[in-house]
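Handing you this structure, nothing more for now.
Labels run A, B, C, D, E, F, G and H following the written order; every chain starts at residue 1.
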């Protein structure tokens, strides 16, 4: 599944810029708008949502655009209904998505587990804002990182992507739909207010430049089909409704034929729900390094903070300071190996995030060298860090 | 705040057994029942709940018992309403609690953030069952460990206790109420089906044998009182409703006087919400070691799995195998130092849990010695591990 | 008036609830001594000659395990 | 009939919505040139002599910044 | 001393209650510890159902049975699934022979009690089969006491069924005394 | 080349829209990158409101202003909070002198535009103050183009207000031409 | 298995998990009878929540999505939205539909989306072992109202009517014939239909509320307590006698949601073609 | 600050965050007038959800707990349960109360718990910038119904009535006098009261739905469209003319929940004393 490269702005600076531009459009758009554009291009035809700052524009633009392509955008009575309707639409055979922010994301947690359990491909965008609780609706934050992975009950796994530019909102949305169909899982785009509300140029390729993944459906006669028996890639074929398979789909632990009651098969199934993703991380896991990839000083960042860190790296370079910035694009499942590789040789690791230390814990876990302290450069309360502050941190905490 | 020791059964084997028994009662009861007994003793007078296996007995017994002490047990329309009502009752000046299991715990996440943000003391019991989603309602599991810490949006902290016996259901409930009042936070008792549904002897001390913490209330004149200004211990006095303080309590980020809008004070307040707990972990963090505390082989366990591990330690001893079992009683904030100390000198660490590896990640983070592999002995699907299996694991994975 | 040829109860799934006995206007059933595969005592259509093939027992059986075969019908089919 | 002594508008919080002008049955207000602390153009009770102290402007002011002082009242109080 | 007892059957038979009653009996033995654990499906709708009772003079850590002293079977299904947990030489197997044909070799330490049949015939209520069975096994549960058991049974069932249950209990006890295994 | 522009005022003035319009103008400059970011309170109810526009011929990483070239102030409050971000020697400060008394020392590179007053008096609608202001600053935004701006303003407001806004824009532009700073 | 069962049940899922004599099984059969009469088995798509009654549809050999407690209705909406030609039916219980899921009922009804909600009212939370439900009569002793329920009942039919449902009926398992007819009407109704079925739960409602666990007793209780009264203005009288009004209460035609959506999409695309308003 | 404001507002929280000419501020004043008339300021405890209207109570100098979107009612129940002597009032919006919070309204109403829900109906989600609400009229163009709303409205008064509220009224900000009277009745009503207030939101509803952002225009719109009609049987007629019926619709006495609780507790303790039933 070839994916467009994720680096923001690539299309504008790279070699084949003019060539590429011929085959698409460049528009100044909101990060949230880029997300909608990509979703529609990827084939999303159902959106179930509920307004919440700073994700509301996704709903608003969807409500404008979907009718034009014979899709349906439903503003539901709450976020629970929104995501459950998305799961219904997914089993109805449609690519479907929703978007929200912290408080609504809380309400979606049970249905995220549902989507995992019934293996319904769908995309969920969380444009993060300040927490806890109602927090600061118009301010940016990255405090939902663990919630995105662990907010629902029980053992499960899913994929979480963190865009840092409007272009990545576009690219990650395409990728999210593809991964959700490939693995039959909910894929979460964990964006934040800065990325959702930034306006910048986005390159929208023509559809024929992109690869779209569609769910695999059964073709064998109904009697021979076993609904939750995985194919080689760990994922069962999806007998969406109205295809004649008369599928029994329950949210409980289940055996291969979809019935409750067989403990052994139920255990295997839970294991499979996790391993179908985690055994195939090489298909999607992504970590980028900006700056000097041999530098002893390394930032670790994700989401919008990547941008400020890049500027800090550039400023550092001007001052003769070698820095690398390790950008975790697919934050879950956490790409242990890629991160370890990207940090190889680093002597000083500063995790920069807009929360009180989350990716930091993962780095502590992954970099098991007691001599390396994993420092935290943390900004909360909606304050987006300035590049200068990164450098000041390096100096002051020395 | 002296607490009764947490070790299960102590009262029956220890020296002062007869003495102690004079001052209390011993009854065979369900873990869930022991929780109710303790809550009532601790002064809980409001329960807002919703039925769900395997936590329902807590609601049922509360509905029977609370009217007898002029309390109120309300079966609400859902778990969201249940916890929000508890928060309301807490600000009404009452000790209040709720209990649920996985799916209901999902629905409570937003209101957990609320309780954190408005600093409403309360106790939330999650009697874990199999997940994900509806999972296996009558089976045990420990898959909600991270959810209990990170299930709500934004940066926050809270305390999570993991009982392993009916006696600990009692003891932890007393402790939970005390900690919730001390820190003005929701305290979560993360139990599981085995512990909730076990029946065994529980020693119920007389009230005068126990210490009960009550929330500190303001006494200064209203004009001098600043609602979210912390005392020395990091916690503001609580001007519960109807005490004349006319308190403005909002779920948004806020300044000291309770109003929105002052970004600097809002940031400080979020920091304080976390540090008021994490700076005082010595008051409550608890890790126990069972068996040979110098043994090179160590289990790490929590909740009901502690019991099976203890039997395994005993069986190992019979076979000449020295093992220690490190029991994490307060799983959040994770007691890094205590765990490190309890594992000092261990060469082989096996984390045993009924999930696909959660405490394991914490141990990997805390024990940063690359030469020690943190092994996982995992049981899921409602299968409670047998002591023999622990020993078999040690042999086979050698 | 119709008559029943045979009343069949599927022993794999009968739960012995006796709603068939309760609903039958013609007093056809009595509790029997045979156990279904689910360990319940099954009813017996001991007065089958009373049966008027009203179908109530069949449509009221909560486990859909009871079938009334009408005599006439069979003849028609032959 | 009552008369107004004075009509006060709290310049700290007036938002210039002109609902006072809209609601007044006696056409007392006109938009003025003074700005409130919130940067809005405040109304002016330029025809205060028309005022019958009906209180509508006061009770309809969404920011509770408008006060009508009645003449009689003052006298009574003296 | 550690005694392990397993009661098993299907949902709706009151299997769990049997374990609960035995556990509660231990309130009257101050020097003993007890645990009662269970696994079951929802409500009274069939499906496997099981409770483990462990009695010991020591603190009980592992609360489930690993080497049962006594197993009481109340359904064929339970025999199929759980008989292998029995130890042919150690475990005494009691079974409701209304519902269970026979206990296969090599298990020879057995005692058949027609609890369901007696409940249906003698008491016109199959719901008391479990209590009948309890009466029939109490002497096999050691430590235990019929008198304490009777008290606890009385306080464990709805008032209006108290008499019926006590009668069933006594009948079970009587059955034991007249049919007890050698 | 990196140009940084800040528009600031309070909610309800259409501050964000000013940034959006400038950003969208850049669609017509294929070789330039642009970012527009914002921070604001809800709806039109006062409170600080600000948008940063960055224009560059390079990829733009940090999307906020750190050394603004141009700052446009539309409220006293904004001056209080944000003036310190200006560089006395570098930043050109444009302000709505209907709402703002004066820009204090050491900031001397200033240009006063009575946008709100003109909107209220000339167009009987203070809602167009922002567009008036845009007209008055477009020549100071370089690269920029009044013609493109006009097109974008037209397509950024509800149809029935299109004419009004275009007029305000032109009036602002006219104001600039007649009052432009030396 | 009777012939209807042979024809329509998902054999490998048998037996039903329902207790002996439970009304839920009777509803399986009645519904399949209606489907058989209409010959529409291939047009069905079902959803369900959590609870005993939520399993009703699972045994039918059709597409079914069984989701979370209380969330069957939004799942149905998602399905209907993407498969407008389907007859979408939701099976739900009184707890599922009126307690945790009450809000979804309101909003599906007001949208008049073409689907049928079959609400099985056994006056209790059965699956979890007999706790009070919004439909439990005042005074009842349940596992969570040991001293008698003091909360007024919520009447699902009244709520559905107030919210804008275009078809509302209530019957009981003692009224299988009219129930089957109502099922057929609902399956053919263009719009939101709400069908409540008073159903026996001998094990919880019977044993603890009504005083007998006998299926016969419980079915008889329904026969005795459900009286046909289709005129809402007379419900108060019926209710004051401790009876439950049953019947077909409403069946009207109003614009259906999915048709409105399609009309809108059509219109919008046409306008777009003409370069209509932004 | 006018004298009422001087007396009752939380000065350090001023100014109101409401836009110029917003009805929410008028409601602050009307409510405080009622409270002043009754002299019950010290008996109040307020709760609120999220939305513009949810801030109404925050400016009053009384105990207030402002919780999550849609959850003001359960918070009020928890408060009332522990402070039965308090007059508990909830301020909520049409989105807060009828969309995400609809279920809590049903259940508080059926319990007839002694509290007052003040629902501010501005026919839109104002705080988030003008999305469709369950109260938005069919055909309206909002930020999320750019081609016109196709969903029927949910009428909060009808829902409250169907669910069992014992006092139900609707007024508008163009009806301050009767509104104040209704506030007073509600504050003295023993049981669940639901008061809906049609209120102007010039910025969202006005600008995008009604065609003018002028506060005057919007208040006039309410004056023109809200007509007094207290007989439910005539609502359909009123509504078919595009008008909104206002008035005091219901006010009856029924057993109040907290009193029932206290009666129950009393009874149970007495029975317990006598060794009553287990």
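Basically, a residue touches a chain if its C-beta (ideal position, glycine included) is under 8 Å from a C-beta of that chain, and two chains touch if they have at least 3 such contacts.
The structure displayed is predicted, hence computed values, not measured ones.
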{"item": "Any chain in contact with subunit A as well as subunit D", "value": "F, H"}
{"item": "Chain pair with the greatest number of C-beta contact pairs", "value": "A-B"}
{"item": "Distance from subunit D to subunit B - Cα centre to Cα centre, in angstrom", "value": "59"}
{"item": "Centre-of-Cα separation between subunit F and subunit D, whole angstrom", "value": "35"}
{"item": "For subunit E paired with subunit G, centre-to-centre distance based on mean C-alpha positions, whole Å", "value": "41"}
{"item": "Whole-Å gap between the CA centroids of subunit A and subunit B", "value": "31"}
{"item": "For subunit B, residues contacting two or more additional chains", "value": "53, 67, 77-78, 80, 103, 110, 114, 118, 133-134, 139, 250-252, 382"}
{"item": "In subunit F, residues with contacts to at least two other chains", "value": "41-42, 46-47"}
{"item": "Overlap residues in subunit D, where contacts from two or more other chains coincide", "value": "38"}
{"item": "Residues of subunit B touching subunit G in the complex", "value": "50-53, 56, 59-60, 63-64, 67, 73, 75, 77-79, 103, 133-134"}
{"item": "Subunit F-touching residues of subunit A, taken from the complex the two chains share", "value": "8-9, 12-13, 21, 26-28, 53, 137-139, 194, 197-201, 307-308, 310-311, 314, 382, 384, 386-388"}
{"item": "Residue ranges of subunit B in contact with subunit A within the complex", "value": "80, 101-103, 105-107, 109-110, 113-114, 116-118, 128, 130-136, 139, 141, 143-144, 146-147, 149-156, 250-253, 263-264, 266-267, 270-271, 273-274, 355-356, 361, 364-365, 368-370, 380-383"}
{"item": "Partner subunit B, residues of subunit G touching it in the complex", "value": "50, 68-70, 99-100, 102, 125, 128-129, 131-132, 134, 143-147"}
{"item": "Residue ranges of subunit F touching subunit D (in the complex, touch as defined)", "value": "10, 46, 75-76, 99, 120"}
